[in-house]
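Accompanying notes for the structure given below.
For clarity, chains are labelled A, B, C, D, E and F in written order, and residue numbers in each chain start from 1.
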Amino acid sequence: MKFGIVVNEGPYTHQASDTAYNFTKAALEKGHEIIRVFFYHDGVNNATRLTVPPQDDRNLQKLWSELAEAHKLDMVVCIAAAQRRGILDENEAKRQGKDADNIAPAFRISGLGQLIDAGIKADRLVTFGD
Amino acid sequence: MSDAKKFLYLNRKAPYGTIYALESLEVVLIGAAFEQQVSLAFVDDGVYQLMAGQNTKGSGFKNFSNTYKALGDYDVRNLYVEKESLDERGLSVDDLMPITHDTDDEEDLPSIMVVSRAEMAKVMSEQDVVLSF
Amino acid sequence: MSTLHTVNKSPFDGTSLSSALGLALPGDAVLLIEDGVVGARKGSSAAKAIEASLASCKVYVLGPDVAARGMKAEDLVSGVESVDYAGFVDLAANHARTQSWL
Amino acid sequence: MSTLHTVNKSPFDGTSLSSALGLALPGDAVLLIEDGVVGARKGSSAAKAIEASLASCKVYVLGPDVAARGMKAEDLVSGVESVDYAGFVDLAANHARTQSWL
Amino acid sequence: MSDAKKFLYLNRKAPYGTIYALESLEVVLIGAAFEQQVSLAFVDDGVYQLMAGQNTKGSGFKNFSNTYKALGDYDVRNLYVEKESLDERGLSVDDLMPITHDTDDEEDLPSIMVVSRAEMAKVMSEQDVVLSF
Amino acid sequence: MKFGIVVNEGPYTHQASDTAYNFTKAALEKGHEIIRVFFYHDGVNNATRLTVPPQDDRNLQKLWSELAEAHKLDMVVCIAAAQRRGILDENEAKRQGKDADNIAPAFRISGLGQLIDAGIKADRLVTFGD
């Protein structure tokens, strides 16, 4: 079955990203297809490569990135939500005149249309948030 | 449109205190280009999103409430508001913005439908995709 | 010396207001801010608790937050006073401590 | 086809559970996750609403979230079933849609 | 210590669902070095922070509940728990972790005090600084 | 009177940062002293200089920075909370082996002790959060 996943909160402050990650991993292990993980609202904060959580704690950006690499996941960060919150890729940084970017390689920035598209193409869309 | 999906946007949070109302509206506007069947549900504190007379001058916020009035231009015509949620908050439909849409035949049809909790449950059960905010 | 309690959550979706009112002492002040202001609406299910508290406490709302949510002075439970940000500062200064019910 | 409702908030601090139970139709399933699991505690003020819903709906809790909050199987309202993340995936697959009560 | 201030940490949220419990505890530990008079209050869902038998193996979280047991070593000895909050949640003090501290004279004194809402209000009114989480 | 301000949520998602800003500004206009603004939890996200909010919306990072400049405010970002959430200054980025940093100049990174210190030194400590 084709699943779409929506993550609406950043890492650590709310459990949403943890639950979404565990759900996505379990779905993949059961042989389901994950057509997209879409990060919206504060969910875009999962994509920063600058995060340095305590060594004895989980690193959600790394967990998502490793899962994406192993399963060729399409992990999309909403551009409008990301701009508000300071999550940029190299292109965006250049376009906005910013001197740095912070997105991790496993994520790509795109528009809200990718969320609707996931809703259309997935058999099931599951939202995690606060 | 026969293979269009039914999308429901479920709004349960007040505007301004959190950003969910505004960013939900951004999804609705973008989603309109996809020609799906779109409905919006306003339940619990979500009903405050439709309050008439929102004035953000003193708070520094952008007042985005007029965008709801423009939804008809995007072919978003079904705004379901739960009656029980209004009642609990001391509100009635008269406290909400007038929101209308035109069809090929008629103009200024009301977009807001106040429905009972039982009717809202039925609306929800007919959707293909529910996006929660 | 008394306490200023701030409540920033809707009483229809959380316990911040009921806990603040329940733990406020006579002479304390309760200030509703952000989404918390909707609790002061006349005729709402939260109005009774506010009215009861007015006997022993002062209850305020932050005016700009009331206006943003489409409410007017006449919509508020009578006895509830509206302040602006300067008034919020005065309330914080005039009470020994501010306790935020988040 | 029926709906899976997920509830991730404590019923003691929000309306997610009561709205989910109030808007669930017979045959729907309600899955308590994250802080939502505390609503399934036997003897709590939320237990009655859960028990009443069990007549027409299935009610589940996410086991890892129950354990993290120091609750055990015997603490739960009887009739509430525990699932792991794989069981959560099955529930989402076996219902026509998932509705998140955030 | 006569010019020490009374600090109250007010905890009203369950652990794990949000990070506030963990990051509140980090403040308490750092704050202990400042030799102020420290109390912790657990009200509403905050009482879940003290639940015995927290097991995070299946959820991926770091289990930080043992840190509460170590608070005595930081001279944090007053953990007030509101009785009404326990009752509403079907909990009693037996569901909470045993937390103790030593004084110069005695060992293993209980740190958790279950108090009524009225008593909690009094505790709160005696503080200089209330930090809310 | 001496005020300390605590901001526990990031910009935009919750109103906390707006309210704290408006309160701080009003307190300064009334002649009060703001001894410190302490950003904790997701509040650290107020400090990113990479934010690009829509042109017709407020820019909270800029508003805070301008207020700090005008009144020589001490705006402190908690280091532990910042590391978890990917807010770094140049030193931290170097120390953690990261290739970029993102803090705005008006903010400084320091420890939680600065929060307690504010509680001790301020006549009133006011917390804004969710």
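Brief remarks on what is shown
Operating definition for what follows: a residue touches a chain if its C-beta (ideal position, glycine included) is under 8 Å from a C-beta of that chain, and two chains touch if they have at least 3 such contacts.
Because the structure is predicted, anything quoted here is derived from the model rather than measured.
Distance from the centre of chain B peaks at E, each centre being the average of the chain's Cα atoms. Comparing the chain pairs E-F and C-D, the larger number of C-beta pairs in contact belongs to E-F. Farthest from chain F, judged by the mean position of CA atoms in each chain, is D. If you average the Cα atoms of chain A and of chain D, the two centres end up 26 Å apart. Between the Cα centres of chain D and chain F there is a gap of 38 Å.
We define each chain's centre as the mean of its Cα atoms; on that basis chain B and chain F are separated by 34 Å.
Separating the centre of chain B from that of chain C, both taken as means of CA atoms, is a distance of 28 Å. Shared contact sites, meaning residues of chain E that touch two or more other chains, fall at 12, 16-19, 44, 59, 61, 128-130, 132-133. Each of the following residues of chain A touches two or more other chains: 8, 12-13, 15, 22, 41, 54, 57, 80, 125, 127, 129-130.
Residue numbers of chain D whose C-beta contacts span two or more other chains: 8, 12-13, 15, 34-35, 64, 84, 97-98, 100, 102. Shown are all chain pairs that touch, namely A-B, A-D, A-E, A-F, B-C, B-D, B-F, C-D, C-E, C-F, D-E, E-F. The part of chain A that touches chain D in the complex is made up of residues 1, 3, 8, 15-16, 19, 22-23, 25-27, 29-30, 32, 123-130.
Across the complex, chain D meets chain B through its residues 2-3, 15, 19, 22-25, 96-102.
Those residues of chain F that touch chain B in the shared complex are 12-15, 18, 21-22, 54, 56-58, 130. Chain contact summary for the complex, chain F toward chain A: residues 10-13, 41-42, 45, 48-54, 57, 61, 80, 83-88, 92-93, 96, 98, 100-102.
Looking at the complex, you find that chain D touches chain C at residues 12-15.
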